[in-house]
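Presented sequentially are two complexes of subunit A, the first with subunit B as partner and the second with subunit C.
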Partner chain A sequence: MDNALKTAVMRKSFGKSLLYTLPMILITFMFISGGKPNFSDPASGLAMLMVFLLVNVLYFLMHFTGKTDRLRAILFIIFAMSLSYTLIHNMLEVRKSMSFSEADILECKIPFCHLVIPMMILPAAFTKSIIFPGSIIGGFANISSMVVLWVVATIVLGRGFCSWGCFYGGWDDGFSRFTKRPVIKKISELWKLMPFAVLLMVILTAALTLMPTYCSWICPFKAVTEFEQVTSVESATKAGIFLSLFGGLVVVLPVMTKKRTQCSFLCPLGAINTLSNKITPFTVKIDKNSCSECYKCVDVCPLFALTREDIKSGKVSMFCSKCGKCVDACSKQAIHYGIRGIPAGTMKNFSRNLFLFVSFLFMAVFSAGSIINTFHGLLKLIF
Partner chain B sequence: MTDSLILGLSSGSACLATCGMVMFPYLMAGSAGVKRIAIDLSLFLITRLAVYFVLATLSWYFGQALFSNTVVRNIVPGILYIIFAVMLVWYSIGKNRKPDCPAKIVKTVNNHRLVPILLGLVNSLGFCPALFIILTKGATQGTLVQSYIAFLAFFIGSSIWFLPLPLAGRIRKKEVLKNIGILATGLAGIIFMIKGLTNLIGGIING
Partner chain C sequence: MKKVKIIAGICWAFAGLILIIILFPGLNAFSVSVSKLSFMKLNPRYTGGEISRQIISENCTLDIRKPVFNGFLKESNSGFVQMDWRGTLPERFKDSIDYDNDGKKDFCISVNRTESKSDLVGFNDKVKKILISTPTSYGWAARVGLEK
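Let's turn to the complex of A and B:
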């Protein structure tokens, strides 16, 4: 069965695809418009309409074409860029600068992101306090809502969060698509364990110093969000680290390897999400009977989640983020979305439909706010 | 104190992963009960602590003699931190890493009562980049007590990993844990490299 024929198996007719998209249309309409579309501000109304159309057209195409990864990546990349835009825009408006001051820290005005979660656990358990200087309830990107969202998404999607929910992942996902062929092809498997080492270190250092050390010293995305004001050798060193890690792991290496190197080699939350893959209902399965062992899936996997040994044993490793790249690449439809407990090779369409609905809905709802903000800003800029 | 503890915690995990599996059979050989195991482990840890206190004293005295000038006190340790941190990072990513634990020497000793003490001695004197870093730290402390505290924190951090040693036989995926430990050691190296750089830049600016 060639690739075109395989896609034909997964793709649906126009009417059927529309029918599958209907629940998404209704739910996203409710979330985006709040049930009452308001066009009093034309730019804002138009931005909402654009986002509503964008998410639903992408979801419709997933059913109509039978493809997943590229369509997911469009929204995922827009999400990452728009989140940075929203954060920067918000900070420039409120503080007139991308950097935050000591006063912002003291007043707990720093926007919270899910990468802080692993560092909060031990200090919260021992000192009954949250070590991040952000707002617990209310305000922009508050701690409680972000934690709840991450917990729910991780339980349901496992490491799928890294490809369907993380608002940073789109950066290196985007850069990993820049070239057609990788310049660097061979990377040691050992580096896959680096996020666990980073996780160990940030948990320990955060517990000992009662500081979110990853955010203070390592996070590459500080380069595209907010960072500490450069006032000393220490803060200059920090800024240097943020910029070099962003340049190296988010831009240069993804372009050269066609892999998501920041997610694969650094992100400590990715390590927790990897472990959570053990309990989630959705998986990616290998149908050994259909597999011809061509290893195309191994080559395209952006997170080093598949090895030749995995394919031979018929099991996808727990590093899988369910992005769908391998599923799209398989000409035999041997690798497919599955549900725990259901044998590989059975109920492929049902599993895909269910997974796509849950994961895409999460991404659409989670990303809508910041994408609307970005579109709104761009429209105001143009007109 | 915090950075010494972090250095101990991170290098301790790699130390346990490489040496723990060698030490375990010797510490536990012939031990019938929990009491015997506890005594052996205590002897091993006490020996390490004693050696570290000796090293703390020596490094502090050498530090006082060598780093009397304030500028030198900032610049030389900064350079040493960078060199040893690079060694630590190299150890973690280097392909030709020596996989054996120095404690293997103790294999030749027949007296079981001496084994935990000798293991403690060999383990604490197994000159690795992490120990070089803590020696540099000890040498730059203002008082001898501060040097002791730095070594004590390093000892506590690295010793925590040895406490579950009796359970080592039950741990699955030892190779994965070992690799994570080694990578974490490399990260600790990077922390000290940054510390060295900031020391050095600070020293140059203030000098």
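Let's turn to the complex of A and C:
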């Protein structure tokens, strides 16, 4: 009965859902095809069409079913896998290896990723330079574009970037969905403060050494992107750390806890995005009048953003990544997407529609290139 | 006050919507603007430093860069000097380098491209060891560690 009530409120008719999807169809058509679909290469045209259909069907279903998280996760996980595919494919084609050489570093040819940003801040302020061997402008994954994308996404979505934009988050999000019930249930919430410690550590060490230390020594996603060629004990140690952290924090622990443990316990950029949640226009709100205090939302939250105390006080913590898992789990619709300034429990549909449009559009356009590239590669492999 | 907050919230949300819509079509223009900011240049530790001298021979060019000693707040005691050989390189080559432009050679570096081997002979205590010596897309590059 409860679920039926909720579904009745959030889901829309077929026609209305289609109407809400129309702007997304138009904008993604423009961004994905550049306004002129080109089928001169059938595999590339087909890949483009598949991505266009995928994003719009998912967005339509978000309105039609009234559910958010699972549909978001489909694109989010495909994005993470595609990005890894694109990077590895690019590396193998250009360098015949997943590892980069000293020459690539000397020639500043390393693709930039948003995880470097926290380490750039102090050196940029004090030495007026960027401590990364990449390209400032032009070329694949250049520094300026990634900074612009991240800054805008962080201002608009806050930590929502971690669930709607980060091309690594999909890995632990995916693994956290492998089992139906968690094997490890009790985890101290203090661990969620760990990213702040990591952030402080990498900011200081990067400033002192003028090296992006997180990328050089810690980043688990080196295991699925690119890493330094193993030529010495030091580079072998680094590769060992990358693989162990990927195995532990991105695969094993998410499977056992059903939580996104890398995002919750390690990511330094997540810590900055957590702080930016204070300024973003979109939030998740708790309507205390409708809440029955069943705490289903607390149990399902993948980022330890909700506690029983938060529910009692009616405020979602700043650790929230707006993934929508709690919103989907609440049978009373007491927890919902909201807009800063609008009281909880009011304008729920308006807030959800606006948030979904903004966040989904960002993810759809940001991810389209890599997913098209992946689909294109797969199609060429099949045919 | 409540109404003002609601209106401000909705305006902020729509501003976010506009930002995301213009983000991708304007990405190139925004990126170019960001790239022009004073701090948007690569640290010399990555670029190898500015080119100090260029020695041109028949088939190749040797760029000797300025020594890099930069640190976070003050200059570091240890640094490096980078040399780039561009063009058609012989299988073995050897160059004597005066990195500080004092008229005296500071070290001699020899490279065997076939065996990927490099040797260094320092002519003073400031020259330490070869940090990197590697083939590149333009020829060969080497970094020699220095101390102040």
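In this section, the second predicted complex is superposed on the first by the 382 of 383 C-alpha atoms of A that agree within 3 Å, B and C clash if a C-alpha of one lies under 4 Å from a C-alpha of the other, contacts with A are read in each partner's own complex, and residues count from 1 in each chain.
The working rule: a contact is a pair of C-beta atoms (placed from the backbone, for glycine too) under 8 Å apart; a residue touches a chain by one contact, two chains touch by 3 or more.
What you are looking at is a predicted structure, and each value in this text was computed from that prediction instead of being measured.
J.: Examine A:281 and indicate which partner it touches, taking first as subunit B and second as subunit C; both and neither are also allowed.
T.: second
J.: Please indicate which partner A:382 is in contact with in the superposed arrangement: first for subunit B, second for subunit C, both, or neither.
T.: So A:382 meets neither subunit B nor subunit C here.
J.: Does subunit B (first) or subunit C (second) touch A:128, or do both, or does neither?
T.: Touch partner of A:128: subunit C, not subunit B.
J.: Who does A:208 touch here: subunit B (first), subunit C (second), both, or neither?
T.: A:208: touches subunit B and subunit C.
J.: Which chain, subunit B or subunit C, ends up touching more residues of subunit A in the combined arrangement?
T.: Counting contacted residues of subunit A, the larger count belongs to C.
J.: Which partner does A:27 reach: the first (subunit B), the second (subunit C), both, or neither?
T.: A:27 sits against subunit C, while subunit B stays out of touch.
J.: Considering only the contact definition stated at the top, list the common interface residues of subunit A for subunit B and subunit C.
T.: Shared contact residues on subunit A: 208.
J.: Report the residues of subunit A in contact with subunit C in the complex, numbered from low to high.
T.: Per the touch definition, subunit A meets subunit C at residues 27, 31, 101-103, 105-108, 122-134, 136-137, 142-145, 147-149, 152-153, 155-157, 207-208, 210-211, 280-282, 339-343, 351, 354-355, 357-358, 361-362, 365-366.
J.: Residue numbers of subunit C touching subunit A in their complex, please.
T.: 2, 5-10, 12-17, 19-21, 23-25, 27-28, 30-32, 34-35, 38-48, 70-73, 82, 132, 134-138, 141, 143
J.: Of all residues in subunit A, which touch subunit B in the complex?
T.: 190, 193-194, 196-198, 200-201, 204-205, 208-209, 217, 233-234, 237, 241
J.: Which positions of subunit B touch subunit A when the two form their complex?
T.: 2, 5-6, 9-10, 13, 176, 179-181, 183-184, 186-188, 191, 194, 197-198, 201-202, 205
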